[in-house]
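What follows are several structures.
Next come two complexes built around subunit A: one with subunit B, the other with subunit C.
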Partner chain A sequence: MLIYFLQRLVSVIPVALGVSLICFMLVHIAPGDPLTAVMPVDATAEQQAEMRAAYGFDKPLPVQFVLWLGNALTGDLGTSIASGRPVADEVMRAVGNSLILAFFASAIGFPLGILFGFLAGTYKNGVVDKVITGIAIAGVSVPNYWLGMVLVVIFSVSLGWLPSMGAGPGGSTEWAWDWEHLRFIILPAITLAAVPMGIVTRTVRALVADIRSNDFVTALYAKGLMSRHVVAHVIRNAAPTALSVVGIQLGYLLGGSILIETVFNWPGTGFLLSNAIFQRDLPLLQGTILVLALFFVVTNLLVDLAQPLIDPRIRRT
Partner chain B sequence: MASIGTSIAASGPPKAVVRSKGYWSGVGARLRRDPVALVFGTFLFAIIGAAIFAPYLGLQDPYAGSMVSRLKPVGTPGHLLGTDELGRDMLARLIYGGRLTLLLGLLPVLFAFMIGTVLGVLAGFVGGLVNAVIMRTVDVFFAFPSVLLAIAISAALGAGIINSIVSLTLVFIPPITRVAESVTASVRNLEYVDAARISGASAFTVVRVHVLGNVVSPIFVYATSLTSVSMILAAGLSFLGLGVKPPEAEWGLMLNTLRSAIYINPLIAALPGVMIFITSLCLNLLSDSLRTAMNIKD
Partner chain C sequence: MTEALVDIRNLNVRFHGARTVHAVNGLDLSLKPGEVLTILGESGSGKSVTLKALLRLLPEKRTAISGAMTVDGIDVMSLKGRALADYRGGTTSMIFQEPMLALDPVYTIGEQIAEAVCRHKGISRSAGMDVALDMLKKVRIPSPERRLKNYPHEMSGGMRQRAMIALALSCRPKLLLADEPTTALDATVQIQVLLLLRELQKEFGMGIIFVTHDIGVAVEISDRIAVMYAGTLIETGTTREIIRDARHPYTRGLLAANLHDVTPGTRLEAIPGAPPALDARPTACSFAPRCPEAGPVCSAALPPVLTPGAGRRVVCVPKADRFAGATSAAPAVNA
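Moving on to the complex of A and B:
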């Protein structure tokens, strides 16, 4: 088991390196120089060269990568071209808000998805299954940025129950766990939860239906066990796969909320990204994407590490 | 052995060769018996057909605006589905909009299907170092949530139709490669592949005839399951201002420009999203039906 943990930990290193390389290259596949977008049009060649040297863009690419990676490891993600502030500060502030949103979306989407999937898988081909399968396929098919707009139209514009955008009276920096703030998160969290709910439902349904078709389930019934005891066995068998799907979806919630944060003006990483895109602020873009991708890598690692704790089959290998 | 011999002997003179129905006609027959596939397939067919033949449908000019008739409600005479924020006919724009959205959604999956199949079959068949290089690269791309990767590459490349197709193709190559690699690896060591190799077939022939023939269908079905995500992402890129530029008619972009109209005419503002939703629903349901009809398990 210790060997499994170590293997997983070590295997993350090349992936993390590759992720950094891709993030680094993002700036360099961009047409022109990362600085052309922000440089005044009348800048002389000398001024341009000076700027380039100041940002280190005059060195060969591999050297730049090593320097950039070294800085990133010490927590220095460069300076935002548009605002002049350190990228790391901006990203860290925004990540907190995205995490809060992802937390609420998980709290809505995962329990619902698991419950729905379980019911549908247990009563496969029945009415319950038909209804749930319909909800799930709608969940995975809906463009969530549009769902957000529809919810705003219904609950903010027509009914006036919930605010349509922003993160509450405290603005982007001060989040508090009270109703004044919570009401701002309800609509974005529901919107963000739709797709993972659908995916988890579909996976768990297939999983439970598959497990229930096994001989051991028939044997349990034949032995005279009541349904609720059989359910416990099914849950135990479904848990590892369900956990890994939920884990992957958790990573998606954090990185995939950009469109929803744009719709709701939620001051998280997605909002930061869309600002970076509009201002062609490449260091900010690069830093935000690096942090989000590394979060995703770490979530996946944690899921893998948790896997043997609930699945004895992995422990034995 | 004896019983086989006798049964052959007993079957008498050879009859006329009856061509077997074949795999694909079986799949087609199963799809035709599937009510879900029939209904939503027809729907999708209608949407795609309308998009292709848009210029011949007698629609209004999707780019001709009128300042006096902006944001007219659904059912306005002359504008069946109302008008947008610049007074352009919504029905025409929705039908024309399908052309770009469908193109931007389907082309990347098609390209990724071709490239990913080649990479995956190569990795799965050759194995060794080639496999390691291809699959470890794929792993790195898997470390990005697909939305994030699409937005990151598009943002770096800049807005535009071509860039949007390039970035989405890059997003879908890794998952398709991974599926292609795993099905190829499972086919590679089967007896009939060994038999072909022993009987002197070149590696190329083995791959072309024996491997591709058996791996293409599962990879294809997997690719079809990506089309709806691809279309939602493509429209999402335009929604963010990273894909198509105004005044082009495209569902994601229309949703973006109509966003400010949700307070005035919410129904009109929601229409482009309804189109994305319906199309993606059709794509997902059809992909599910296809998977069942082809009897493919994950």
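Moving on to the complex of A and C:
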């Protein structure tokens, strides 16, 4: 067990290193000069070179990468070209907001998805299954920015119950746990939850139906168990796979959604990312992508660590 | 004569789906307490379906069962809900062909046995674990204390089947249904498991209905043999009678198709043709198209039931009548 945990922990290091390299390279592969956005149109060649040296863009790429990585390890992700503020601060504030949104979306999407999937898988091909499968397919297929706008039209414009954009009253970006702030998160959280809910529903449905078709379920009935006892067995068998699907979806949620955060003006990482892209803010872009990618690595690690606690078959080293 | 432990009268099982399958047709079977009966037949002959019907394990929506089944005085057909669950595993239990698939992979062996015991005897979990340990000792699993905490994937095939037997016998059933329990095991382990089953049968005094396609296994374990073909029981008798004096051409074909005393390089005896489709309820002898001795009468009407001796049953047209214009109802001694 301990060896398994250590192996998993160590295996994260090369993955994280690779991720950071890709983050760094991606931005450099994209066409365009990052400095055009901040430089005056009539800047002389000397001024351009000076600017380039100030941001470190004059050095060879490998050197730039090592410097960037070294700084990143100490928590310094550089300075935003557009705002002049440290990237780490900007990213952390946005991450905080995205986390809050992800938390609410998870609280809506995962329990609902697991419950729906369980019901549909248990009563496969019945009426319940057909209705739930319909909802799940809609959740996955409907473009979520469209769903967001429809919700805004219904609940903000027509009914006037909930605010349509922002993260708090008066354009505040500081989160607080009160109704005034909660009102702002309801619509984006529902919108964000739709896709993971659909995916989790469909996965759990297939999983439960598959488990139920196993011989051992017949054998459980054969030894005299009632349906409610058998359900407990099905849950324990479904848990490891369901957990890993939830883990991957959680990774997506934590990353924030560019489209949804843009529709609702939610000051999270997605919103930050889209600004960084449009303003060609290279350090901000690199920093944001790196933090998001590391989120993925860490959630997958946590899922990997949790799985053997549930499934004895993974416990072997 | 003692009261029968199992009494099946005119059991019919049909599956509905894309097409209808007549899996079991008019099956009559009885078993005395402590008796071991083997249902012998090839794949798709309806032998496993008969066992599942006895435990009411067939999917209810897609299955139509008719007839009467009594086990230890319980009317199996009328059982519902809790009474059905009490009957399953309590009065009648079952061991399956593939123990790897029939055991829950994420529960320990001990938990799975204790669960059944707690369910039927209403005792505490720790008392259930004690019974489980006791059962593992009874099926002679080495170091049972450690094995109790093992998961199915941590055991060998033979060990798993022993654990499955321990599970099935943990609530002291009066009837054990064994669905090809040795088919998935290799030959040496097969013998060990068979010997163990026979020993436990004597110790516990339960009746066993054993299903197999392997005549060698059938002879090894059973008091009586019932031969099944295309959903119908075609011949029943004691093991000795079936081996020495098989009456039905199909049974004789099965006995001829073995590997004993065969010179290497010579062609093996086989029954020509393939079993019929089960789309419709048979109106004539199902074996007639493959039968080397069949006459026009065999494919014209259902064959009569002959009783050449006490407890013997052969469903076949008597030889003398096979080419006659009409079937004689008189049972012939030489079928």
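FYI, the second predicted complex is superposed on the first by the 309 of 317 C-alpha atoms of A that agree within 3 Å, B and C clash if a C-alpha of one lies under 4 Å from a C-alpha of the other, contacts with A are read in each partner's own complex, and residues count from 1 in each chain.
Following the convention adopted for this analysis, a residue touches a chain if its C-beta (ideal position, glycine included) is under 8 Å from a C-beta of that chain, and two chains touch if they have at least 3 such contacts.
Fair warning: this is a prediction, and the values are worked out from it, not measured in the lab.
Student: Looking at the overlay, what does A:V150 touch: subunit B (first), subunit C (second), both, or neither?
Tutor: In the superposition, A:V150 contacts subunit B only.
Student: Given the touch rule stated above, what does A:P312 touch, subunit B (first), subunit C (second), both, or neither?
Tutor: So A:P312 only meets subunit C here.
Student: Tell me which partner A:T218 touches in the superposition: subunit B (first), subunit C (second), both or neither.
Tutor: second
Student: Tell me the contact category for A:S141 with respect to subunit B and subunit C: first, second, both or neither.
Tutor: After superposition on chain A, A:S141 lies in contact with subunit B alone.
Student: For A:H233, using the defined touch cut-off, is the partner it touches subunit B, subunit C, both, or neither? Pick first, second, both or neither.
Tutor: In the superposition, A:H233 contacts subunit C only.
Student: Comparing subunit B against subunit C, which has contacts with more of the residues in subunit A?
Tutor: Looking at subunit A, the partner in contact with more of its residues is B.
Student: Give every residue of subunit A touching subunit B within the complex, in rising order.
Tutor: Touch list, subunit A to subunit B: 14-16, 18-19, 21-23, 26-27, 29-31, 137-138, 140-143, 145-147, 149-150, 152-153, 157-158, 206, 251-252, 254-256, 258-259, 262-263, 273-274, 276-278, 282, 285, 289, 292-293, 296-297, 300.
Student: In the complex, go through subunit B and note every residue touching subunit A.
Tutor: Within the complex, subunit B contacts subunit A at residues 136-137, 139-141, 143-148, 151-153, 155-158, 228, 232, 235-236, 239-242, 252, 255, 259, 262-263, 266, 269-270, 272-274, 276-277, 280-281, 283-285, 288, 298.
Student: Can you tell me which positions in subunit C touch subunit A when the two form their complex?
Tutor: Within the complex, subunit C contacts subunit A at residues 52, 55, 57, 82, 85-90, 93-94, 96, 98, 101-108, 115-116, 119-120, 151, 153, 167-168, 171.
Student: If you look only at subunit A, which of its residues touch subunit C in the complex?
Tutor: 214-216, 218-226, 229, 233, 236-237, 310-313
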